[in-house]
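Shared between the two complexes below is chain A, which has chain B as its partner in the first and chain C in the second.
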Partner chain A sequence: MNKAMRSPLMYALFLIPTFVGIVLFFIYPVANAAFYSFTDWNGIAKTYNFTGLANYTKSMSQNAFWVSVKNNGFFILFSVFIQVPLIILFSLLIANVKKLKGLYKTAVFMPSVMSTAVIGILWGFIYEPDIGLFNHVLGLFGIDKVYWLSDRNWAMISILITNAWQWTGFYIVMVLAAIISIPKELDEAAMIDGATGFQRAMRITMPLIMPIVSVVIMLSIAGAMKAADIIIVMTKGGPAGSTEVMATYMLKHSITSFKYGYGNSIAVLIFIFTLIITALYQVLVVRRTERIEY
Partner chain B sequence: MTKKLKGSLAHILLMIYLLVILYPFLFVLFSSVKTDNLAIAQNPFGFPKEFQWSNYVEAWVNAKISTYFLNSLYIAVIAAIATIIMASMASFALTRMRFTKLSPMLYQIIILGILIPGNALLLPIYNLMRSTNLLDTHWALLIPYAANSIPFSVVILTAFMKSLPSEIEEAAVVDGLRSPGIFARVVMPLTVPALVTVFIVNFLGNWNEFLLANYFLSEDSLKTLPVGMVGFRDAFSINYAQMSAGIVYSVVPVMVIYAILQEKIIEGLTAGGVKG
Partner chain C sequence: MRKSLMMMLSLIFMAGALVAGCGKSNNAAEPVNTGTNGGNAPQGSKAEPFELKMRHIEIGEPNKNRLARLEAVKNKTEEQVPGLTIKLDGVDSEVNRKDKLRSEMAAGNPPDIFDAFGSPDIGVYAKEGLVLDIGPILDELNLRDRFINLDPWTYDGKIYGLPKGGSIEGYFYNKEYFAAKGLEVPKTLAELEALAEKVKADGKVPFAQGSKDAWVPLMTTNNLWSYYAGADFTAGFKTGESKWNDPKMVEAVSKHQEWVKKGYFKKGELGIDYNSQRNQLLTEEAVMMYDGSWASSVFNDAVDADGKSKFGFFVMPPLNEGDGFSSMVDSNNGYGFSAKVADDPQKLEAVKAFIKNFFSDEVQLQSLKEDGLLPSMILSEGDLQANAANDLIKEIILRMNELEYKWPAFDALVQAEVNTELSSGIHRVIEGVQDPQAMLDAVQKVQDEANAAGQ
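Up next, the complex of A and B:
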């Protein structure tokens, strides 16, 4: 018995392919990015110099870098303060309707399985100033044309709307699953006590779904830190850098202009920011989640 | 009466949301058979007056949809299969083989990958691919795609394999099977439901991936559908009817898969909490 399932050789053989992948595509890249972030390597030359923290201080002194940090911040604020309330509202609505529940759930999730690049193209068409959908709708109310993606004031919010359109349903389904798993007795007991629907939602459902809402907040913050493809497809960071985020800033300064060391210092900063958020998540959310019992 | 009103208010709000989700698709679908930009501009909301089906033919040819489609298809499938083989072998060893001290540690190392933001690793992986001369070949996508989905797949598969009763190995050992046999003939067949979910989620992730595909391949004939579509948009954005036909081509396959397998897709995606 023990022999068959305790063979170290077999154990190693089963794990080697995965660990080759993990080492080559996770551990090595992290180490590599950290190492070269302290150098001036251009990514091609045979030689490079150690420059200490120069890349980091350089990025901190660039206005364009701070614009990209600020835009990541916008992304996070928009997700947390606009998307999350909508997610909770629509989850509660779907959970409480009797008919068409399946249709709502299936339809709202659909954009999340689509390619972000294709959604970027689709929405680029919707935002098109002359023949796009948005300006036509505004035209009905007598509002002037807006150059959604080429106006500095509107480009970022246009991207945020598209991003919200794609991902809100994904989180709704997560929250919905949590609401549905709440034992019915709790709600029924409150109903007998005479609580209104609104009171039950606020006093019973909401506290019980807070752990999953915290996870949703965490995931959308992580998503906001990752966002890059939608920006590359819709605005390429423009107009005049107004929609640049850290990830697109990094790509622009490394692959396209051969500042490998500098690009990697941005990568490390993205990594550190995300790590801080993850650590906060562990402390604030995971511990609380474990305490929930029905 | 008020109860009825409240019920219908919920439905009204949800219907508005549904409209917001579905109308963009309908807008593109209608636009894709309109004659030209003028026809779209004059009648943006409505059903087309004349149907110009040739938009689809021209988009197929101009956008080289067939090439991109096949590239995407086989890269997404092969990478997803490779991930499943690696991840299920690892999950088997971690959950079923008796190395109870080592396994939790190795598991932690593997799932650390979920916490690492993919974008931050793009440059080193780009360099790795370049130094091995794999840039501008499909290997430059196949290998990273297969590797990048390992952590998520291991999380799902270990959770599933752990739940199998331990008696199955004992019975198999009595029958004279060794660990590879137990893996291939006992555990894998029992894991099929989880394997299907993991395969679909990884397939969709690979199918939709944009950043690596955009930076690692420059040869047009190698490009995947999302990158090819962006190139097509950049070249033909003046002809919105044809561009819409292109969008329809790239959205329909995913919609069909989603329509058939939506339960499994939702289950898999929300379980992993992964985002595009």
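Up next, the complex of A and C:
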């Protein structure tokens, strides 16, 4: 057995299924998308023409494309600077409760397992201008109706809130696991030294959970770059394209308009942008985060 | 020994995985001759079970009658074709047309029977050999000459689908409200606007509209530009004869924007979906609603004390009295069939039986009676009168007969990307962030590109 496991051929054999999987489900689709991004293929025809960089130059010249890029940027900024701090806050609060911790964990995790379509419809009722919860509350304070999903000033923020509500619980469970794995002795020693709860959270817990927070930020960025479903359900990119993100822009052109080649150039751009942002984050933040060992 | 055993086990595992992944299903039925009239299996043979996937859009309460009719046809077809199970797959119309069906076509794997739009969609699919030429089936069933208009379903002289029914567009309106306020059906566009002002002054929404999907407000815009620029103007975009930024078009779109600014539609219409707009009329929040005759079933049910529908129907009036009424009239929505059906005699027979059962006088008259769906097939005047079961449907037929100009909807005449740009543009115009001239210039630019590309 040991001899067999030392054979390079054996390792190669075990690696083949994984390698085949990666080629089939990752490398091939990406290469395929890159290939068609240089064509005028309509997605259905058997023939197509090579158009060089025409699809890329066209997208760069479209105002609607840059609006979609900007909206992906909003998704990232909202995730990193609003959602992540809330995730940490809620995780610290839940970690410190003595009773019903399981209930809280389940409650916050619940939206993550619900379908986006259901969440979109549910929040559609909350945002409804006439009978929705938000406007009802605003009405109690004498504030005028807000057209949450049909006013370009509010539509994007409404979607971001809904998206954050859906995914916050998922990340809370991750951060909670990191908090719980911190040895109790550290906290107890600080307590004996007279540190307050806030000081212990900021000086002990926070530094120790930074590696998992980095992962949460990374996942949030990746999630923000591929966001599409919640937008399709809630606004379909409207009003007037103001909530369009790159993925919905890509779908609209590749499938709805029979411009598969053009759509693929957007897909490649999403891939490149995501790669650049995550690489920058890795270099600037993750590598500087200290490795934690207990 | 152990080494060779490990090697052997690994190879067996790998081979097993490959065989499982690449194996061909053996469930495909052997060809069975089931006769020519949709249903008679050969004597003494037992047909293999097989499934036909059918995509439809008859979902939700407003389409309950349509779904019931479809299910009745499904059951009848299953009874006639041995071994057949039809699996119905209901999808929202817009999602089916713009997303799901197109991605299935792109993958070369559409459902066996699918809800489709004739022009331009079916032509694109037919060009690539993805849809079934049903000409021979129509000949066999003596149906070829039974349809009023198959032009939208014809590509290169062959027929690739059949329309479920016909339709016109116009205003559904609250008759009771009109009577109570002494209002009359307008004869000119100016009268329509005066009417809208009175309704607005009364604290109600003049025109119910849910513009989340752009095709909904574009129905109104399309009729406006057909009055301002002419009924045939839309056909000229693809040939380059008509320009989107023509002054008459600008005038028409400006009129739509003017109505928005004057508050003739509910505020926040861009966040309201198509189904919800009907509630504005049903709950009497709004008084009129521009929609297709296909929506009439919803308003048949809303009856007053005499058992008559309290809703009526009129088409958008012309600019000047006596200029002649103009409206979209088409039969562009129906069923197409996957080209792959031709490879399977069982499925082909099932499709034949479905066509025979669905495209029948019985179903057409039932559609007229229950939903006010105008027929796509030629029916006798007597049958039409007998089955126009309520006043609303009779009114719709009357209005259709009064039309001087009939034209297909714009999306049946222009390229998909032009439609995409126009859809985005009308949203910008409604929102007030772009003026009609700039919006139409942008649409013309896309039109020029599409025409230059020879699409």
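The criterion applied here is as follows: the second predicted complex is superposed on the first by the 253 of 294 C-alpha atoms of A that agree within 3 Å, B and C clash if a C-alpha of one lies under 4 Å from a C-alpha of the other, contacts with A are read in each partner's own complex, and residues count from 1 in each chain.
By definition in this document, contacts are C-beta pairs under 8 Å (C-beta built on N, C-alpha and C of every residue); 3 or more make two chains touch, one makes a residue touch a chain.
These numbers come from a predicted model, not from an experiment.
*Asks:* If we overlay the two complexes on their shared chain A, which of chain B and chain C does A:L251 touch? Say first, second, both or neither.
*Replies:* Touch status of A:L251: both partners.
*Asks:* Contacts for A:W167 in the overlay, against chain B (first) and chain C (second): which applies, first, second, both or neither?
*Replies:* Touch status of A:W167: first partner only.
*Asks:* Regarding the shared-chain residue A:V233, is it in contact with chain B (first), chain C (second), both, or neither?
*Replies:* After superposition on chain A, A:V233 lies in contact with chain B alone.
*Asks:* For A:P183, is the partner it touches chain B (first), chain C (second), both, or none of the two (neither)?
*Replies:* neither
*Asks:* Who touches more of chain A, chain B or chain C?
*Replies:* When the residues of chain A touched by each partner are counted, B comes out ahead.
*Asks:* Of the two partner chains, chain B (first) and chain C (second), which one does A:P207 touch, if any: first, second, both, or neither?
*Replies:* In the superposition, A:P207 touches no partner, neither chain B nor chain C.
*Asks:* Check whether A:M110 is in contact with chain B, with chain C, with both or with neither, and answer first, second, both or neither.
*Replies:* first
*Asks:* Which partner does A:I121 contact after superposing on A: first (chain B), second (chain C), both, neither?
*Replies:* first
*Asks:* Touch check for A:G43: first (chain B), second (chain C), both, or neither?
*Replies:* both
*Asks:* After superposition on the shared chain, which partner residues are touched by A:M10: those of chain B (first), chain C (second), both, or neither?
*Replies:* both
*Asks:* Hey, what residues of chain A end up touching chain B and chain C alike?
*Replies:* 1, 4, 7, 10, 14, 17, 43, 251, 255, 260
*Asks:* Quick one: which bits of chain C touch chain A in the complex? Just the residue numbers, please.
*Replies:* Spelled out, the residues of chain C in touch with chain A are 2-3, 6-7, 10-11, 14, 17, 98-99, 102-103, 105-106, 124-125, 127-128, 130, 212-213, 267-272, 416-417, 419-420, 424, 427-428, 430-431, 433-434, 453.
*Asks:* Touching chain C in the complex: which residues of chain A?
*Replies:* 1, 3-4, 7, 9-10, 13-14, 16-17, 40, 42-46, 64, 127, 129, 147-152, 155, 235-236, 238-241, 251-253, 255-260
*Asks:* What part of chain A is in contact with chain B in the complex they form?
*Replies:* Where chain A meets chain B, its residues are 1-2, 4-8, 10-11, 14-15, 17-19, 21-22, 24-26, 28-30, 32-33, 36, 43, 90, 93-94, 96-100, 103-118, 120-126, 128, 130-131, 133, 136, 165-167, 169-170, 173-174, 177, 197, 215, 219, 222-223, 225-226, 228-229, 232-233, 247, 250-251, 254-255, 260, 263-264, 267-268, 270-271, 274-275, 278.
*Asks:* Quick one: which bits of chain B touch chain A in the complex? Just the residue numbers, please.
*Replies:* Residue positions touching the partner: 6-7, 10-11, 13-14, 17-18, 20-25, 27-28, 31, 37, 40-41, 44-45, 85-87, 89-90, 92-94, 96-99, 102, 106, 109-110, 112-113, 115-128, 143-144, 146-148, 150-151, 154, 169-170, 173, 177-180, 182-183, 204, 207-208, 210-211, 214-215, 225-227, 229-230, 233, 240, 243-244, 247, 250-251, 254-255, 257-258, 262, 265-266, 269-270, 273, 275-276.
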